[in-house]
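One structure is given here, and the rest of the page talks about it.
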């Protein structure tokens, strides 16, 4: 139980996928301009992360144990097709949800956080429950970082940011300060 | 029908707002004097909110005081009357308060006329039905005298199905320096109460409340003395706070109720009238005097001899000032109306109009704009805004020219009371930015799907 | 391809290094850029692996483009890239186990580096082998350059060394944050700021020149 | 890039052809991957085994041979494939005599999971060495858990009875106490906790002294069984 | 007409302004900090003044160098750079080398202010950005606390202050621990009286609870900050630490220790209330403060660090735009706020 809490908190705060592992930076720097969009992308990513964790566990347990060298290619193919499949399924089952998440799903395929999650979960030998908790924490952490970033960026639009700083340079430094603030979570719940 | 919130009654005011220094002591004790008639009068056709009035006189035509010179241009418009006995000199552009030109009727007073109104027994207002009453108010050219100059008859036109339960008389006079309402209440309490009586009966209201800020205790006492034993009229003393005179703030202060955004006081059963308006009603029905003169406070550090004056409409500001000693040489700005919401005038040639409550002269020490610092989001403007808007954000959005986004922050609810600019320690002209943004929004082509 | 006619081999090679630098100008491949640049060695190895993958897949894609059906091209690119990445992964694991351990999951994550897929889609699939390889070489060298400059700045300040060789002696106080995640973000942000500044200066200079020319006419 | 080359619609490939080309690509790629895997496997396995062996020999002084042991069906047996959480390494001297166990254990540290290996002499009830296998502790502070020789030396003679505890640097007085690293107390404590957890996990599962599994065949090379990494 | 008309200005109303200006508020803050500066000098010697000068110099020089010419005078005049340097200096350990302090001041202004577009545009408290940068950069020097001395050592300056740039400091005295460090790593509590007076180990300005409260009281009376923020921080920190203390008194310190130890008071009064980086609306201020209190208790009791005030405030700074967005005041006459 304690182990699970730590996995969750670690992925959410201490080793936040974006701010400590640098995963999912493309959407983090690219799509975080609007709060609404960021939140939805975060949710969609979390959903895909959870499905990926399931798939990764399944692949690891039943296929890759026999052919570890196929790991990468299996993961990437499975993730791409899962996202496609989810996209189609959502489109059919819930048009409203599709409208909310739809345009983000293709973006997620190229999000290295998804592949990263599968690889990390495998490297660390997580079982199914641990993998799911890890995915949940990572997704929540990604969403948290996205939403905070979007809030800050919307605010900077009203500021007189020097022309040289505008764009990615400022976003990276904001991310750096956020990452610095998240350093405060180091060691959380590990020292019992 | 009326459930009043006891807590609100205890507090007796609206939330937020600011406390500028009153500066009323300069004129509060000065009785109203009449300005002698001059030679030239200018009556702009659009001195009220709504469509400009249409002239019914010709150049060269002789006029007697109180004669109709322009009729309403629409329903939301009202009549104009000649303030003097004299002759129409011209009908054409004249300098307006902001320095632009506007169509006006120029009248030359007859230097030999007595300028007295023919005595009249008044009008039997009790026999009038509602339509006739409203027509009479429009005939008298009466508008809201607090500053907005909104035609009064429009206010009294209650749509089918609505009922006025409460008549609220606005004697708050929250703008600093101004004492014209104060003096009017002190010197003409009878006329005021008479007007209240007329409105109570005609609007079918059950009760009238005269709301007066506590810094006008003499006025409150005098009104109370004049009240009969069982008249449904009460006088309430309100804590001093700006902008209490804004009608929705006053309603909140007196009844503890908020008028929903986009609605009018009558939608919650209240009719609000300035004391000047009520006195004008009484004058029309009791002595058939249309709105041809009003009380104006001349004050401010730049005024040589502050005064409360009865000024015939159309009198150039220069004449009014000359009557009370002119301007001090250090004067830098002359404002028509109050120091918070009034308008600076570009020339002393502009005339006193129906909505002119004051002529205030300011010197360098008031008009020097404070050095502007960046907004540090201290939140004082939020604490000042009586509409609970976020002026800090609105100003930032306005600076970034993100006008459409400002709509989401309810910029359209802003009444431009200026409390935010007053309160801002960084010297940011917040309300000015908001005004400019609202202008921009008003002139932009209607974009689809905004708001 | 006829559009290759107006291409210049040298230009295609050089553009990726400076003018269209994938990191500093196009802001691509951020994840590995930041994650593995806490030392110059890691940065170089990562850069090398990326170079191998990009050049290999660009070559293959350009060579096979007639046989790649348009509808499934993305899937095929990914399969090609993933194959090269796996090859790089295992080779590094065999040859440089120490560095491989430090780079960890980021070697397989080269697959998700949008720069690589982007080059296939935007360039290799439309041009001849020679230009595709030149483009890939330029782009990956630009990437290596970016990784290396960030990696060496971070290592020099954060550890007082370059390629693990101490530079400042025993008493140097390392700036630990530089090799931690915030240091990566902030340093890259400052480098981009520097690039913006150079670009702005260059633009101002060119305008001045143009102005002078107009005046001399 | 707007210079898209439009393929003529006439030669629109059939779905069979599409599937075939993907399958073909997959096949070629599979072959390539298997090729590189087979080519590098011996080196990789050897590397891993060497690393493991070095670590085991480091935490168990005097050991020159090792064997992977797993807790299967209630007893400790040599295993080829590691058993999750219940794998350790037996260390033997040149003559094949059992000396001690090298026990892997991991748990949360200050930043991320710390994985370590420690040497345990069951007969003497002593811990004789500790080696950090993997950690992401703060450079300059937390990384002293493996860079600071003084701290590592704490673990060369520890009697974990009762559980090991960290004490402030310089105040170590009992055989179950470890001097914490100044400024990196959390990392120091994490190492101690991870060892204590390892001890707790194996409590009651290790055979009585003298009955440890012996090397099946003294001639067999030490790197029996693939390393677990 | 006997006299010429004056040249009339046409400036829109309101003509009147409230007297208070931003530099006034800034001056109030540094006035209220003076007792803390004196106390720091008393406890840690005149080295404290050197350290404060170094941070201020770092801050002001960075501000001067990176502000374009026309605005330079303004940014110096508004005193915010001075204040940032002073506040940063007061959060540093007394033995920190001066070059690090200078670098911290530069980072505070550079990363915390200039890149955002200057005063009013920054979204994180600049002083805390500088401190977080220093703590991440020099974790050892930033957590080596020299013991509080007395008047006898007033003119003794610690040698570590004069470490050469880029070189590690050498400490001459035995380092002490902060009350929080003692609590976290050795389960030793420090008496309330000492926490109030301030003769404990710790950052220059944070040790004396009494003087910090005094400064806060001054600012409160001058209405220079939003009282809700410190109130919410104190209430939530006291509440959450109190609950934990009830669960296990041996392990979790009680509310009083939580409030008076470390930089909670200093942070709550001087850092969290920075108007630029805290929410505008009253409701937002409450949420902001409660969040800080909660995070402080979380980090102190469950995290790896003994102190978490700085991180808690920075994290809530990051959340401020979101808080602001969802706590817009309800507009008069409407059911809900905008946004």
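Letters A, B, C, D and E mark the chains in the order given here, with residues in each chain numbered from 1 onward.
To be clear about the criterion, a residue touches a chain if its C-beta (ideal position, glycine included) is under 8 Å from a C-beta of that chain, and two chains touch if they have at least 3 such contacts.
Computed from a prediction, not measured in an experiment: that's the story for all the values here.
J.: Could you work out how many touching-chain steps separate chain C from chain E at minimum?
T.: Minimum number of steps from chain C to chain E: 1.
J.: Going by the stated contact rule, which chains contact chain B and chain D alike?
T.: Touching chain B and chain D alike, sorted by label: A, E.
J.: Using the touch rule from the top, work out which pair, B-E or A-B, shares more C-beta pairs.
T.: B-E
J.: Let me spell it out: compute each chain's centre from its C-alpha atoms, then which one is farthest from chain B's centre?
T.: It is D whose centre lies farthest from that of chain B.
J.: Which chain is the middle one, judged by CA centres?
T.: Central chain: E.
J.: Distance from the CA centroid of chain A to that of chain C, rounded to the nearest Å?
T.: Their C-alpha centroids are separated by 23 Å.
J.: What whole-number Å value describes the gap between the mean CA coordinates of chain D and chain E?
T.: 45
J.: Chain C to chain D: how many Å between their CA centres?
T.: Each chain reduced to its C-alpha mean, chain C and chain D end up 34 Å apart.
J.: Residues touching two or more other chains, restricted to chain B: which are they?
T.: Touching at least two other chains: 393.
J.: Quick check: what residues of chain A touch more than one other chain, meaning two or more?
T.: 69, 73, 165, 170, 173, 176-177, 180, 183, 186-187, 189-191
J.: Chain C: which residues touch two or more other chains?
T.: Expected reply: 75, 79, 82-83, 86, 90, 176-177, 180, 182-183, 186, 193.
J.: Would you mind giving me the full set of chain pairs in touch?
T.: A-B, A-C, A-D, A-E, B-E, C-D, C-E, D-E
J.: Sort out for me which residues of chain D touch chain E in the complex.
T.: Residue positions touching the partner: 110, 138, 140-141, 168, 180, 183, 185-186.
J.: Using the touch rule from the top, collect the residues of chain B that touch chain E in their complex.
T.: Touching chain E from chain B are residues 18, 20-21, 98-99, 176, 248, 252, 258-263, 318, 326-327, 329, 331-335, 337-348, 360, 362, 366-367, 369-371, 373-380, 382, 386-390, 392-393, 408-410, 413, 418, 421-427, 429, 431-432, 435.
J.: With touch defined as at the start, can you tell me which chain C residues reach chain D in the complex?
T.: On the chain C side, the touching residues are 1, 3, 67-72, 75-76, 79-80, 82-83, 86-87, 90-91, 93-95, 97, 101, 122, 126, 158-159, 174, 176, 179-180.
J.: For the complex, which residues does chain D have touching chain A?
T.: 26, 29-30, 33-34, 36-37, 84, 107-113, 138, 186, 189-190, 193
J.: What residues of chain C sit close enough to touch chain A in their complex?
T.: 27, 30-31, 33-35, 75, 78-79, 82-83, 85-86, 89-90, 104-105, 108-109, 111-114, 117, 177, 180-186, 188-190, 192-193, 196-197, 200
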